[in-house]
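Should a chain be cited, it is by its letter among A, B, C and D, assigned in written order, with residues numbered from 1 in that chain.
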Amino acid sequence: MSEPAPAAPAVTDAERAELRRHGMLLTSIEELCDWGRSHSVWPLQFGLACCAIEMIAASMARFDIARFGSEVFRPSPRQADLLIVSGTVTKKMAPMVVRIWNQMPEPKYCIAMGACAISGGPFKQGYNVLKGIDRFVPVDIYVPGCPPRPEALLHGLIKLQEKIRGQRLGTPAPSECPVPEYAAHDLDPTKNPQLWQPPVLVRKEGA
Amino acid sequence: MLGTGLLQGLAVTARNFLGSFYDRRRFVTTQYPEQRTALPEAYRNFPFLVCESADDPMGTLRCVACQICEKECPPQCIYIEKSKDKKPDANGKPQIYPAVFDIDTAVCMSCQICVEVCPFDAIKMDQVFELAATDRFGALLMDRHALAKPNSYFQSIHPTEAGEVDSRLLAARLAAEEKARTAAAAKAAPKPAAPKPPAAPSAEAPKPSPPLA
Amino acid sequence: METTEQIRERILASLPGAQVSLVTNPGLAAQHSLLLGAAHALQAALLLRDDAALRLDFCSNVTGVDWPEREVSEADPTAPGGKVKRVVPGFLEVVYHLYSVALGHGPLVVRMRTANRSDQVTLPSLTPVWRSCEFQEREVFDLFGVVFAGHPDLRRILMWDEFKDHPMRKDYVEPDDFEWEPTPHGDVLERARRHYPAPARPAKEPAP
Amino acid sequence: MNPSGLPPLASLPGPQIRAVHDELHGDLLELSMGPHHPSTHGVFRMVVTLDGETVVKLKPVFGYLHRNHEKIAEGASYLGSMPYTDRLDYLCSMTNNWSYALAVERLAGQAVSERAEYVRVILAELTRLLNHTCLAGFLLQDGGASGTPLMYAFREREKILDLFESLSGSRMMCNYQRFGGCRADPSPAWLDSARALVDGYGRFLDEYEALLTGNEILMARTQGIGRLSPQLAVSAGVTGPMLRAAGVGYDIRKVDGYGFYPRFTFRVPIGADGDTYDRYMVRILEMRESIGILRQALRDIPAGPILDPKAKQRGLRPKAGEVYSRIEGPKGEIGFFLISDGGPNPYRYRVRPPSLINLTILEDMCLGQSIADSVVILGSVDIVLGEVDR
């Protein structure tokens, strides 16, 4: 993604905060857009496993995701901004998840909810379990837990909103992800190396 | 009559709607970031390591790197390396300590089995759940520095359990001291001259509490 | 319900020549089972379902078990050392748990075994007798590789159609995706190491 | 039943309209519903062949949540598989735990304390309330009543989850049962709050029924839809509320009398028509019976140990042998088949999934119905994909 270098702002953040304290609101198109986007994140109605039940619980009366402007669970990926990968992604399901992601319009975000979506979680030893959806789809926020409490998902959503508010306007690079195919023993390819590069883990004594 | 059932249902929803303005039992929403549900004492999320003092967490870990939790962890998300040297534990006895103790919270299933099998009350369940991160490799792999939390914190989140653990450890320590004292006395008995003070608090490891054997 | 031995005699009385043997269960549950020969299994199953005293009309559970080839040592006074090693050929086994809804008894455990684990893996399907076997036999086909003759729709059920292996077999090797294993043990540790460049190994092997 | 869904030819006036009618008989349409579909309860997929709007063929496709529970369990210790059973049918972790604990207890010959048996019954019946309440909400959601019933159901679910959480530490994944008892002893305060919940639940059910049971739209959408005959139901291994809705009075709590169920008086509701409405109604009536069982259990629960501290959990090595053990879960017969070779992990570990086997007759129930009804029929089967695919 090539971002244009941000020009020096005419008003610094500190000045803006000072003005805001005096009841004067200054804004830019960028800020207005980000504000609007961050408060109307429409998730896709897409449940995979256990975490989906907690995702539904988050949208119900007790936790009420509507307070964050995200209660509009859209059944169609064409109308959704946010993909909450809520549960274990199996290798059989992975191509569908990638295809759904490709169908979503820009700007789009992805939350990996729960241990399984992040890394395969407790089921990562399984032969049919994808070890993390970030092998195929860029993930913005990881919410650990098995399953995370609904509050934890809301916390993840708040984090996502913060991230959106820091975004710069511009043409985002098209993020079409290649869809893996079923092969004789495993998916083909097993990961998208452009997206997923695990660091080499070096442990030092007493680290 | 056709429609009675519908009207009856509408009456129910109307009662619920109106009730939501005055009936306290219907105020079910928790305004999350500002207002928090009181977590029950038993609530568990991810494990943490208990240390005796907040000032020197690495020096006072209860963990002796026995690797039982590592072996029993169902999703295999604990990684321990034993130290090569020994450090004195809370009772002054030199013990092996974990040189590396990592828990991958991206894998942990919060099942509490590590807590149940630990014979030293060294690993307990934490209640922090706001751990959302943007980087899975760095932030979610917790090392022993991130995992260590003082006993006072354990007491604040699980007071009942912590009370039991503390009294058990204290009883074990007292029993060990008593044993050391009698042993010293027995040694000293034939020679009444210059009774040696009992060697620093105790020479016994805390008696393993009976976990799920 | 009659004992498993009595049921065996009942089958033999109606189907002379059928291969039915008793498999005792040494465990505490003592759920003994009947081993049916493939040739008469379908008739025997029909008999179990329709016999007035048994009426095992409800097949609750169908599953496969993989018994790979193994070596056992047996006492043999003639051999040097007093013991002789013998190779027990491997086979695949299908286990059915039958109950009677009409009479409220059960379970009767019925098993069938294939001749080997490679080419002679066909067994008669019991789906014509009990409809509940339909998906479960497909699952056994998918995960163990037992072919059920007479099954109406024998396709893979859990894995995708292009998949070649039978993952519940004991000798199945899962695909290699151990690129990021921060907390590896045993076999996983070995496989994770292969993904790291030689100097920067994840860690040394923890002491056993 | 008119399979094409069109009015009978003779009733149409005029030759031209008849010609149009003949032309309307076009090709069959094959439609793939799922794995991402709002009304397939997760990642279930069915390939439906339609003639107009009428289902003429329906093939379920599984495996999108096949996460290898059985293979993992065969490499894990007996205790290590307990938290995995939570994740089978993730709405009913307590009954899954119980079924697994029961199987291992029978394999290893461990006795359960009296208090633990009572606690197990209490938790299993609370789970049944939770599951059936949510199912009614999801069923109505599938029928088009988006929101309200599900929201009421989840309001009550949160109350039960609070009980589970304060006892076991987790809302959904309780990991509470142990071999020979339960992990934590419920305090008197916990029992009091359980009593309060049970006392209030009848009132909630009255309200729920006032909202739903007599509703004309619900009746029109469910009565006479998706009939299941008792013979087919038994042959296809259907269990649980679905079997009883088809008119077969088979309840494992009565037949096997596991746990302390013989000590409680309760009735087994049975449906007359085997249609979707009966499946809804049987569950509502079962909840009322569950409330009765809970009242008795919470009244009679004895004091005593909940778990023998000497009962072996870690490093359990049962004697070689095998066992099949089952209980009446909220969705049907949940059973575990274990083969031990004397080692620390089971040689064969098999879950008998009620949801998967109840789906065997989905096609039979949907044939000749409209595509919209097949969604409601699927909703009334009550599946959870974690258990269907394991």
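Here, contacts are C-beta pairs under 8 Å (C-beta built on N, C-alpha and C of every residue); 3 or more make two chains touch, one makes a residue touch a chain.
Remember, it's a predicted structure, so these values are computed and weren't measured experimentally.
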Legend entry - Chain separated most widely from subunit A, comparing mean CA positions: C
Inset, instruction - Can you figure out the chain closest to the middle, judged by Cα centres? - result: D
Legend entry - Comparison of C-D and A-C by number of C-beta pairs in contact, larger one: C-D
Inset, instruction - Express in whole angstrom the distance between the two chain centres, defined as the mean CA positions of subunit C and subunit D. - result: 27
Legend entry - Length of the line joining the C-alpha centres of subunit A and subunit C, rounded to whole Å: 43
Inset, instruction - Report the inter-chain centroid distance for subunit A and subunit B in whole angstrom, where each centroid is the mean of the CA atoms. - result: 31
Inset, instruction - Take the average of all CA coordinates in subunit B, do the same for subunit D, and state the distance between these two points in whole angstrom. - result: 35
Inset, instruction - Send over the residues of subunit A in touch with two or more other chains. - result: 61-62, 92, 119, 122-123, 125-128, 132, 146, 149, 198, 203
Legend entry - subunit B residues counted as touching two or more neighbouring chains: 28, 74, 76, 81, 100, 104, 107, 109-110, 137
Legend entry - Residue list for subunit C, restricted to those that touch at least two other chains: 158-160, 167, 180, 182, 188, 203
Inset, instruction - Could you draw the chains as nodes, link the ones that touch, and say if you get a line, ring, star, complete or other? - result: complete
Inset, instruction - Provide the residue numbers of subunit A that touch subunit B in the complex, in ascending order. - result: 61-64, 67, 112, 115, 118-125, 132, 134, 139-146, 148-149, 151-152, 154-156, 158-159, 163, 198-199, 203, 205-207
Legend entry - Residue numbers on subunit D that touch subunit C, as the complex places them: 62-63, 66, 68, 70-71, 106-109, 232, 234-239, 248, 250, 255, 318-326, 333, 335, 337, 339-340, 347-348, 350, 352, 356-357, 359-361, 389
Inset, instruction - Could you please specify the touching residues of subunit C with respect to subunit B in the complex? - result: 180, 182-185, 188, 203-204, 206-207
Inset, instruction - Within their complex, state which residues of subunit D touch subunit A. - result: 35-38, 42-43, 63-69, 71-72, 75, 83-84, 87, 90-91, 150-151, 154-155, 157-158, 171-173, 385-386, 389
Legend entry - Residue ranges of subunit C touching subunit A (in the complex, touch as defined): 158-165, 167, 172, 174-175, 177, 179-180, 182, 188, 196-197, 200, 202-203
